[in-house]
Amino acid sequence: MPQTGTANHGLTREQLVDLYRKMVVIRRADQEALNLQRQGELGLWGQFLGQEATQVGAIAALQDSDWVVPSYREFGMAMCRGIDPGTMLGYFRGLTHGPWDPRRYRFLPFAISVATQVPHAVGFAMGCRLEGSQDVVLCVFGDGATSEGDWHEAMNFAGVFRAPVIFLCQNNQWAISVPLRQQTAGSIAERAQGYGFPGVRIDGNDVLAVVGAVRTAADRARRGDGPSLIESVTYRMGAHTSADDPTRYRPPAELAPWEARDPIARYAGWLRAQRIVDEAQLAAIAMEADAAAQAMRATLTHLPIPPPGASLFGRVYHDPPASFLKEREEFEASLEPPP
Amino acid sequence: MSTVTLGKAITQALRDALADDRKVLVFGEDVGRLGGVFRITDGLQHDFGEDRVFDTPLAESAIIGISVGLALRGFRPVPEIQFDGFIYPAFEQIVSHVAKYENRSGLSLPITIRVPFGGNIGAVEHHSESPEAYFAHTAGLKVVAPATPADAYGLLRTAIAGPDPVIFFEPKARYYLKGELELPCPPVPLGRARIARAGSAVSVIAYGPMVETALQAAQRADAEGISLEVVDLRSLAPLDVDTVVASVRKTHHAIVVHEAPVFGGFGAEVAARISHDAFDSLEAPVVRLGGLNIPYPPARFEKLYLPDADRILQAVDETLAYG
Amino acid sequence: MSTVTLGKAITQALRDALADDRKVLVFGEDVGRLGGVFRITDGLQHDFGEDRVFDTPLAESAIIGISVGLALRGFRPVPEIQFDGFIYPAFEQIVSHVAKYENRSGLSLPITIRVPFGGNIGAVEHHSESPEAYFAHTAGLKVVAPATPADAYGLLRTAIAGPDPVIFFEPKARYYLKGELELPCPPVPLGRARIARAGSAVSVIAYGPMVETALQAAQRADAEGISLEVVDLRSLAPLDVDTVVASVRKTHHAIVVHEAPVFGGFGAEVAARISHDAFDSLEAPVVRLGGLNIPYPPARFEKLYLPDADRILQAVDETLAYG
Amino acid sequence: MPQTGTANHGLTREQLVDLYRKMVVIRRADQEALNLQRQGELGLWGQFLGQEATQVGAIAALQDSDWVVPSYREFGMAMCRGIDPGTMLGYFRGLTHGPWDPRRYRFLPFAISVATQVPHAVGFAMGCRLEGSQDVVLCVFGDGATSEGDWHEAMNFAGVFRAPVIFLCQNNQWAISVPLRQQTAGSIAERAQGYGFPGVRIDGNDVLAVVGAVRTAADRARRGDGPSLIESVTYRMGAHTSADDPTRYRPPAELAPWEARDPIARYAGWLRAQRIVDEAQLAAIAMEADAAAQAMRATLTHLPIPPPGASLFGRVYHDPPASFLKEREEFEASLEPPP
């Protein structure tokens, strides 16, 4: 695993510091969400601990006009896109299936069914190309997702239609309890050539390496040269979700080497060495992250329970059939306390 | 006023939709240069270009999956699934996304999935399926099955122009059925059944390919002095319960007929609904006719598998003789 | 005689099946070292080895597809689909092959597909689906849904030992439901419904997770002096029409309840069948209770979506007050 | 495209001649089947004209104890396995979904749904490995099939479980009207490495090249070294099926170069050059093929129509439910002429 590259991709000091700030802020939010789950405020939480460099670096490499098509583990990316984390947690609190407007943030809803979002990203990118737009699409998925048929079909379509899409695999080594070697005998990055476009494997814990790879892929897509696959090698430091118990399947010895590659500690070391930040700044960022986490908690715990009628019936159809509206009326009537 | 086949009416509807809205896209397996295995998209790629009418690789899940992405980008995808039996690989995309994505995102998904369906064409396995019940049971979808050229045109235009996903089942054995089509024609709304033939003794409720079969039965019944009312559902979801129940309240007898196996078929929903809403008016149990509860048989046996006018007339005698 | 949970009864059935027949294989996502996300396969890999109990890559269509190949080679595959909502990617393999391969080849396909199904567990999207109607309508499949630990054990043993493919729906919200299990126990045949509670006023027909709900309603009705008969279907395909109709001919009132949306749900088949076969005996229309006709809602609202004892009792009052 | 290799893989004179005989016999049968379809004796026919070398060579490289998992175009392979062609045509006459006993010929039923047979082959091969058997599985599919999700999922499973399976792609350049370049922007053979096993591209019109490649893959599988992918480059000289009209989409100029590579003519030339056959033998084989085709026609046109009850209800379940048996009785009763 290479050390943090010195190439800073022409990022300004502020931008370099901002990468660090974002990693710290999303990690702190991740930790707070886990606390909230343990305190019964959330039904479920899926940590992304250890994957902050990939999530922050990928978004930093995009333009705001580009689109992101996530799986369910890209909470950090969503935060980087400006979606309010406390509101987003409404999803894991069981209040709504869609806590944000995808158009406003150019960030599609979470996709729970593994790999099913990949063809969506390709279709969306095909649409961008048909329009002659400059928008590119970042499609994110895990290592396990590469085993699904949808993943393959979408990769092949992207190659045939030269769709402006970046396939970013967050290879965190595990799919719940299944390690990568049982997920595939091959290589994820190398599969790209079978579809007629480039694939690269990068150090997913090196935020600058991620920025560089995603930017290269984005430029390529914007030029009209089609898709790229990036296998971002990282590690799931936490459980699969709060419902999971990794001690049942994960060799404890596996963690130490990855702790040594912690994306935030590594990058902090580099920033220090480059004299880009001082301790005071680091401390200020830590406090900022704490404050953001507290704000997230406050927002979540004060989220109103949306009205049942609208929540259940309001978005099923844009042109709801009369029979459907009647069912909604009956449902809402049934909620009123009997006189 | 002109006479066209049901297949040509669909081609015309696609052509007019492509002409009226540049966001409409037609794609699928072999729909481009070949014009589709049934020639329904014949000439469309030539006239509208390869960007708007195009062939895809051989992968149904992706065909539907990219439709979701294209719709989210603002297009109106009209993907074709080549045969009924090949919609199954796309089932997850349809049930987990096409049906649910609006509910999740608040965004409109104007996707119309065209599926030639049904048997009676002497085909090999997987080419004669009637999977409509799977989709009618899936909340979030609208499911349509026209029986005439005019409805095929009108319902397809409505489906494509509408904001919601529609599974559009085309009765492939009736692609050559002729009928009147006057253009421009008023839009045909989804969810409104049609009295294909007024009658008084028994209501025969059908959709898609079986409407013609029911009309043939009605003609023969007439000869015997029995007046059948044929109700063409046109749309399964939403289902026009009012029209169906009104007809049964008039005739007091109902027969529901489709090609799909009877067990758990869409006829069960119609029969259950009639039995409930017209309980006090029924003079005999609702009869369900359909395919046998077996996999679709080899071509040489399909006539024994599918309902026909004889079986409908038999059912008419039974229901009238009841009690 | 011992008291076990429904989940543990299933684990025991798998354990005994693996022990009795070395052709039995258990596999799926996370069923090995982890023992399944519900711990149903806990300890099986340790005791029977990685050749017979193993994790697969994340691909449901292949999990079912290799089951077909393994069965053709002479094995008895018992694949697990991790959650109801993830059976959809395997739909083509199930409908086009698992259901039809015997008919095509003359060979036996002893495949038992285990699927934890249903809601009420406070989960995120796609983890609370009730897709049983899709499979009950598919000729060639047997579809089972136990409601008690004893039936979970007995029906699973019968399914695994039998020569035909079975979709085995496990009521995941009831994995912790306790009940008696005496081993060895006589085999529980498929296609035989069970009178879970004898009664006289109204027949409440349910399966899987809703049987317990129906029993709770029956207990409360008793307090009001209304005697409900609860029929546990156990198997949807084949459907034990005789037991259902006999019950309704006794009570003259029927309520069918499941978690799946009512429209086109399996309750339609049951209601249509009762309305037909017990036509002259029904004193009120068959009532269907089920989920709302919408995608499964966010967890905070699922109690409003799912039928419960209150809604069953309401329906009881309605049906008894009819006319 | 290389010339016919001189390596004869240690085949005896008889075996070398037999490869030729089989190619001629199956081509003649293919032609006769097309005639039968045109004469209304068959509902549908899918020619394999031009693909004889791949079909004959692949089967010749297997042991009789090995299994074959075909798509719908492997009629020639089935003949090489000894299945009676006239009886097999009952499938295309609409008399039955399964005209032969798969166990007797170790040849599974035709698979119409593209690529769905590939996971079956992998599961079957996994079973062979679990048994410690020496059997290997030949799985055959077309170029279009490689775009389906099932194909990918099965390839990946085969790699992970080191299944003794040979994936043979009959790349005949077309999927109905879709040419390979619109089917994928990548390479079929190269995809294998993404799954962790070897892939090769061979001249599918060179029967000896096919024998060599399949034998190498079979040996590898038998050794326990796992799967292989063979992309056999050939050409569909006919229509997709009798229902298809290639003049609507296929450039006429495409055919000539492939006619020049005709697998039978090329191999005949080589056999002559090697003095392995003389004209008398070639003439005798042609007559043999005519006779076989006539026998096939006779068998087909005399096939009895099987009893409806057994045909429709007889093989749906091995343990038919009572309600199902009742439906069968009612059905059979309904067939009897009313008294």
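Miscellaneous remarks
Just so it is clear, A, B, C and D label the chains in written order, and each chain counts residues from 1 on its own.
Following the convention adopted for this analysis, a residue touches a chain if its C-beta (ideal position, glycine included) is under 8 Å from a C-beta of that chain, and two chains touch if they have at least 3 such contacts.
Bear in mind the structure is a predicted one, so any value in this text is a computation, not a measurement.
Comparing the CA-atom centres of all chains against that of chain C, the greatest distance is found for D. For the interfaces A-B and B-D, the C-beta contact count is higher for A-B. The mean-CA centres of chain A and chain B are about 40 angstrom from one another, to the nearest whole unit. Mean C-alpha positions place chain B and chain C at a centre distance of 30 Å. Taking the mean of the C-alpha atoms as each chain's centre, chain A and chain C sit 36 Å apart.
Those residues of chain B in touch with two or more other chains are numbered 57, 59, 61-62, 85, 88-89, 92, 96, 100, 103-104, 125-126, 139-140, 239, 292-295.
Taken residue by residue, chain D touches two or more other chains at 97, 113, 147-150, 153, 156, 160, 182-184, 316, 324, whereas all remaining positions touch fewer. Residues 29-30, 32-35, 37, 55, 57-59, 61-62, 85-86, 88-89, 122-127, 292-295, 297-301, 304-305 of chain C are the ones that touch chain A when the two sit in their complex. By the touch criterion stated above, chain C contacts chain D in their complex at residues 25, 51, 56-57, 59, 61-62, 64-75, 77, 89, 92-93, 96-97, 100-108, 139-140, 142, 162-164, 190-191, 238-239, 241.
Those residues of chain D that touch chain A in the complex are listed here as 147-153, 156, 159-160, 162, 182-188, 190-191, 193-197, 226. Residues 43-44, 72, 91-97, 112-115, 144-145, 147-150, 175-178, 182-184, 243-244, 248-249, 305, 308, 311-313, 316, 324, 327, 331, 335 of chain D are the ones that touch chain B when the two sit in their complex. Across the interface of their complex, chain B is touched by residues 69, 97-98, 101-103, 108-109, 113, 116, 118-128, 130-131, 149-150, 153-154, 156-157, 160, 315-319, 321-324 of chain A.
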